[in-house]
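Some structures are shown below for you to check.
Below, chain A partners chain B and then partners chain C, in two separate complexes.
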Partner chain A sequence: MITFVQQVINGAAAGSVYALLAVGYNMVYGLLGFINFAHGDLYMFSTFIVLAMVTLHVPFWGAVAVGMVAACFLGMSVERIAYRPLRTANRIAPTVSAVGVALVLENAAQVIWGPATRPFPTPLPQGLFRVDGVVITAMQIVILLTAAAIAVALRVGVYHTSWGRKLRAIRDDLPTAELVGISVNRLVSSVYAVGAALGLISGVLFAAYYNSVYVTMGLTGTLNAFTAAVLGGIGSIGGSFAGGLALGLLQSLGAGYISSGYQNTITFVVLIVVLLLRPNGMFGKLTAARA
Partner chain B sequence: MIIAGWVVMIVGAVVVLLLPQVSSPYVLFVATEVLLYVPLAIGQNLITGNTGVLSMGHAALYGVGAYTTGVLVSHIAIGVPLTLLASAGAAALVGLGVSLTTQRIRGDYLFIVTIGLNFIFLDVVNNSTWSGAATGLFAIAPPAGGLLAVTTPARFFYLSLGVAALCVLISLAILRSRFGRAMEAVRDDPLVAATMGLKEVPIKAGIFGVAGAMAGLSGCVLAYFLGSVGPQDFNSNISLLIFEMVIIGGLGSVSGSVLGAIVLIAVPEFLRSVQEYSLGIGGVLIVVMMVLRPEGVLGSWRTAR
Partner chain C sequence: MQRSAFWSSQSAFRTLGRLSLVGLVAVGGTAGSAHAGNQSAANGAQRAGTIEIASFGALTGPDAVYGVSSLNGQRLAVDEINASGGIDGRKLALVQYDDLCEPTQAAIVASKIISNKSFTAAIGPVCSADALAALPIFARTGVPLIMAGDSAPQITTMVKEHAYTFATRLSPQDSQNGPELATLAISVLHKTKIAILYSEDDYGQGVLAAAKPVISKLGGSVAAQESYTPSTTKDFTPQLTKIAGSGADVLLLLGYYSDTGIAVSQLARAGVSPNVTLIGSDSTAQQPFVTLAGAAANGVYLVPFYSPNNPSAVNRQFVTAYEKAYGSAPTGNAVMGYQAVYTLANAMRAGGSSGDLAERIRAIDFEGPAGTVDFDANGDLKGNPATVLRVSNGKLVADQKLTIALEKALKSD
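After this line comes the complex of A and B, so read on.
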């Protein structure tokens, strides 16, 4: 029982990180129906920027601020250069273009910071508590609280502000939204900025939780975020959080009870089964197939 | 114009056939490597370029072929032709199985699922004893005598050339056939294709089977060529590389696939100084390609939008 509770707590913390990553992903998908395959690499790259700032003795929160500005800038530039020209192209083109962006970011990070895993020094609390034999780290609490706060903020942002209303208008009908005077390009750009910023927060939490930053966390981040988004339902913000948590729990229980060598297999088998049974995700709305 | 084309082709064929006699062992090694990737790029192109299925797990099919050879060679002494057939068959079955199990999953979803299949393949070979776990299988040697005894670098080159040429011909034949037109109809408009009585599921499964068989052939030759197989030869970076070849060469173009294999294997190999940046240069090329010329350098895919 103690093992079970322990795995659940570990899984919930890891899952919250996935959730924050999945939200950025999901907002773009919900809005434009397009997989931002470079989302994970953006999060990796901007987390490295934070690390580089910290190494240059910039105070931690200053480094996070710089990282966040850089993430927003990167997110918006990538959208402008590689995705916007393809908004009306066939379905394959933007996805492939995003793969190209992911490769560029991965290669750049490799050249600048090297392929080794780097430790991530942080002033975030590192203590731990024991409750009846179950270990809870302060980082896990920080992660869960941050994720919850961001979930609430996003809910308010999307459903109770004019920004959110415009976003939902674009999602429902892009040409009409444009006709009624919504500046679609600016709004889409802002979504990439918000997504990248959330990715940065998730990257910093990930790096602080596991005390490591490495280049390949980009691809695994993309895959985990996508799986979480699909589990929860593409396009649904609440679903991203549910999916992220579900994925975290599955991976940690799978590693604890089945085998840690099959972590990826567990993730993808679950993804395939969910897609076969519920092609729109666990909480997804039924929409016309996007072939 | 047509005569000029034939002259170029004949001169090219003579140069390729004489390569083992005139080139250094290193150049021959790189040329063999390029040829090993030709069937992979062609198979990927049949799937993505001609049938319009986004898939990025080709290294898993490649690996199934290579591991089939590795396991067979260490257990029973059968000649090269039978091993080639068995590897192609095994990879074709896996390809078919993948396509049939995932038939309800489409578009971007299938893209991620196929990336996942590559990870599942790696988990399996990394955690099994028959595959030698993380260290892989060693001492995969072809028998000295018999048909297709591949014992010298030159013979490896000719075997790879034969396999690559076979795959080019099969691919051209498929694309000129009724089946090839059916594939492209399914790609261009699934709904219209279905109204015309074309069955999407068997078409896609068939093409995954063919592409699997091609990858299996390459995997078999690779296992003999390296004398060993290991998980690192079939990770998602290899899938990505194969995917890149097709994008850069041109979706739907057979000659483009060959060009893609040459560009992405030979250029980084001979220009060591750019090797560190090859991944990123490939990425830039992909973005430029998609934005300016989605049909690729030699692509024919102009109409589908």
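After this line comes the complex of A and C, so read on.
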């Protein structure tokens, strides 16, 4: 029983980190129906910027602020340079340019910071508590609270602000939204900025939780975000959180109770079963294909 | 290994990325440490009297740490030999090739090397899978190959089966490290309930396969046996939580430091008791392991085949020179790279310029920083005594008492 509770807690913490990454990814998909394969690399790159700042003795929260600004700036630049010119093109075109952006970011990071895995010094609390033999770390509480706070903030932002209303208008019908005077480019740009900023929060939590920052975390991140998004319901914000948590729990319980060698296999078998039963994911709405 | 389509596509993406980088480098001519092989080899043929050595290994990519260390060791040896007048007045020159630690790339690099007649010998690579891919290609011309960091037992099988007399291997084997770890745990530290965390690749499986029969022979039992995907798994808590519940009193870490370091930093979180003794394999015994693992690394035992603390005079001189040149202590890969160049140089000195160089390499016998360099009939390094290190205040410190106890225990088995 202790082992089970322990696996659930650890899985939930890992899942919350996936969820925060999946949210930024899913917002873009929900808005434009476009798979941003560079999302993970943006998160990797901005996390490295935070690490570089910390290494230069910038206070931690200052470094996170710089990283946040850099992430927003990177997210918006990538959208402007690589995606906007392709918005009306065939869907495959922006997907390919996203893979291109991912490769450029990955290789640039490798040239600047090198290929080695680096530890992440953090002032976030590292203590742990024992409750009836189950270990809970302070970092896990920080992660769960941050994810919950962001989930609430996004819910409010999307459903109770004018920004959110415009966003939903674009999602429902982009040309009409433009006709009624919504500045589509500015809104899309802001979604990329918000997505990248959430990515950075996820990156910092990931780096602090696993004490590691490395170049290929971008690609792994993209794959985890993609899996979480598909599992939860692609395009749905609530679905990203559900998908992220489900992914974390699957990995943790799959490795704990079946076999660690089959960790990824178990995850993807469940993914396939979910897609067979609910093709739009756990929380996705069934929609007719857009022509 | 049960890789799903997603993870294979990940490595495909990565390959693409690296190839594009290699392309950029070749076009831009800003090759950094790896200067364009073909061009300089062509010039080399004109530089009369220079002895050209092809050097290949992972110089970029996630495994670059191993390749770059090896290259550093090779460069140091070449500089030392050249400074003392070279070999019979001829200077040594290294020509580097990057194989990214990928067998497909290693095969391409090997073809490039054998098609260039100006090479006297080749040194490399640092990954076993690359060596297995390159060996059959080197067999076409039989240019002497000194493998400097490949520990997989399959290499011996291949060399033996095909009678690859051109090949020698300077790296101790996984089949040696496994029994050492098991013996240290059971016979020396008297811990019999053993948990194992191993990397799901040739390296981790190789060490595991060699350790298991020794564990049962010495009367120990395997309480838990958990694996992870090297350089992809970052969350080790599911595996460690299972280990915590297994009641093991010792945990063997069979993997590369970049993975095991992170795993150790997560021990407390998974509820693993601080009373569980930790023993790390050769590839874990690197200083950055401690940086990644943090305070939890203190007290961890490590059993590398090489320690910079080895008190021999030749090692002290090597460590001083290496630290002066590169600002850090040499690793196992660095010492293998260094010894590889000396193996070649000593073999060339031994027989002048005539006769079969590969044969003379196999006959070599000299003292290197990591111990005696001496090959058996399959071109494998003869047994190297293991060193036991312990992490103390964040430093890897040699434990003489345990080293001697382990040597004794290994002999009595």
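Operating definition for what follows: the second predicted complex is superposed on the first by the 289 of 291 C-alpha atoms of A that agree within 3 Å, B and C clash if a C-alpha of one lies under 4 Å from a C-alpha of the other, contacts with A are read in each partner's own complex, and residues count from 1 in each chain.
Methods note: contacts are C-beta pairs under 8 Å (C-beta built on N, C-alpha and C of every residue); 3 or more make two chains touch, one makes a residue touch a chain.
Keep in mind that this is a model prediction, so the values were computed, not measured.
Asker: Between chain B and chain C, whom does A:76 touch in the aligned arrangement: first, second, both, or neither?
Answerer: neither
Asker: Looking at the overlay, does A:158 come into contact with chain B only (first), chain C only (second), both, or neither?
Answerer: Neither partner.
Asker: In the overlay, answer first, second, both or neither for which of chain B and chain C A:223 touches.
Answerer: Both partners, chain B and chain C.
Asker: I'd like to know which partner A:8 touches here: chain B for first, chain C for second, both or neither.
Answerer: Touch partners of A:8: none, neither chain B nor chain C.
Asker: In the superposed arrangement, does A:252 touch chain B (first), chain C (second), both or neither?
Answerer: second
Asker: Return first, second, both or neither, reflecting whether A:86 touches chain B, chain C, both chains, or no partner chain.
Answerer: Only chain B is touched by A:86; chain C is not.
Asker: Using the superposition on chain A described above, determine whether A:110 touches chain B (first), chain C (second), both, or neither.
Answerer: In the superposition, A:110 contacts both chain B and chain C.
Asker: Taking the superposition as given, does A:211 touch the first partner, chain B, the second, chain C, both, or neither?
Answerer: Once the two structures are laid over each other on A, A:211 reaches chain C alone.
Asker: With both complexes superposed on chain A, which partner does A:275 reach: first (chain B), second (chain C), both or neither?
Answerer: Only chain B is touched by A:275; chain C is not.
Asker: Show me the chain A residues, by the header's touch rule, that chain B contacts in one structure and chain C contacts in the other.
Answerer: Correct list for chain A: 99, 102-103, 106-107, 110, 219, 223, 227, 261-265, 267-268.
Asker: In the complex formed with chain C, which residues of chain A make contact?
Answerer: Residue positions touching the partner: 2-3, 6-7, 10-11, 14, 99, 102-103, 106-107, 110, 114-117, 119, 128, 133-135, 137, 139-140, 206, 210-212, 214-217, 219-220, 223, 227, 251-256, 260-265, 267-268.
Asker: For the complex, which residues does chain B have touching chain A?
Answerer: For chain B paired with chain A, touching residues are 48, 52, 54, 56, 101-102, 104-109, 111-113, 115-117, 119-120, 122-124, 126-127, 190, 236, 240, 243-244, 247, 251, 276-287, 289-291, 294, 304-305.
Asker: Mind pulling up the chain C residues that touch chain A in the complex?
Answerer: 1-7, 10, 13-14, 16-18, 20-21, 24, 60-65, 200, 226-229, 231-235, 237-239, 241-242, 244-245, 258, 261-262, 265-266, 268-271, 288, 291-292, 294
Asker: Considering the complex alone, what residue numbers of chain A touch chain B?
Answerer: Against chain B, chain A makes touches at 34-35, 81-82, 85-86, 89-97, 99-108, 110-111, 219, 223, 226-227, 230, 259, 261-265, 267-269, 271-272, 275-276, 279, 289-291.
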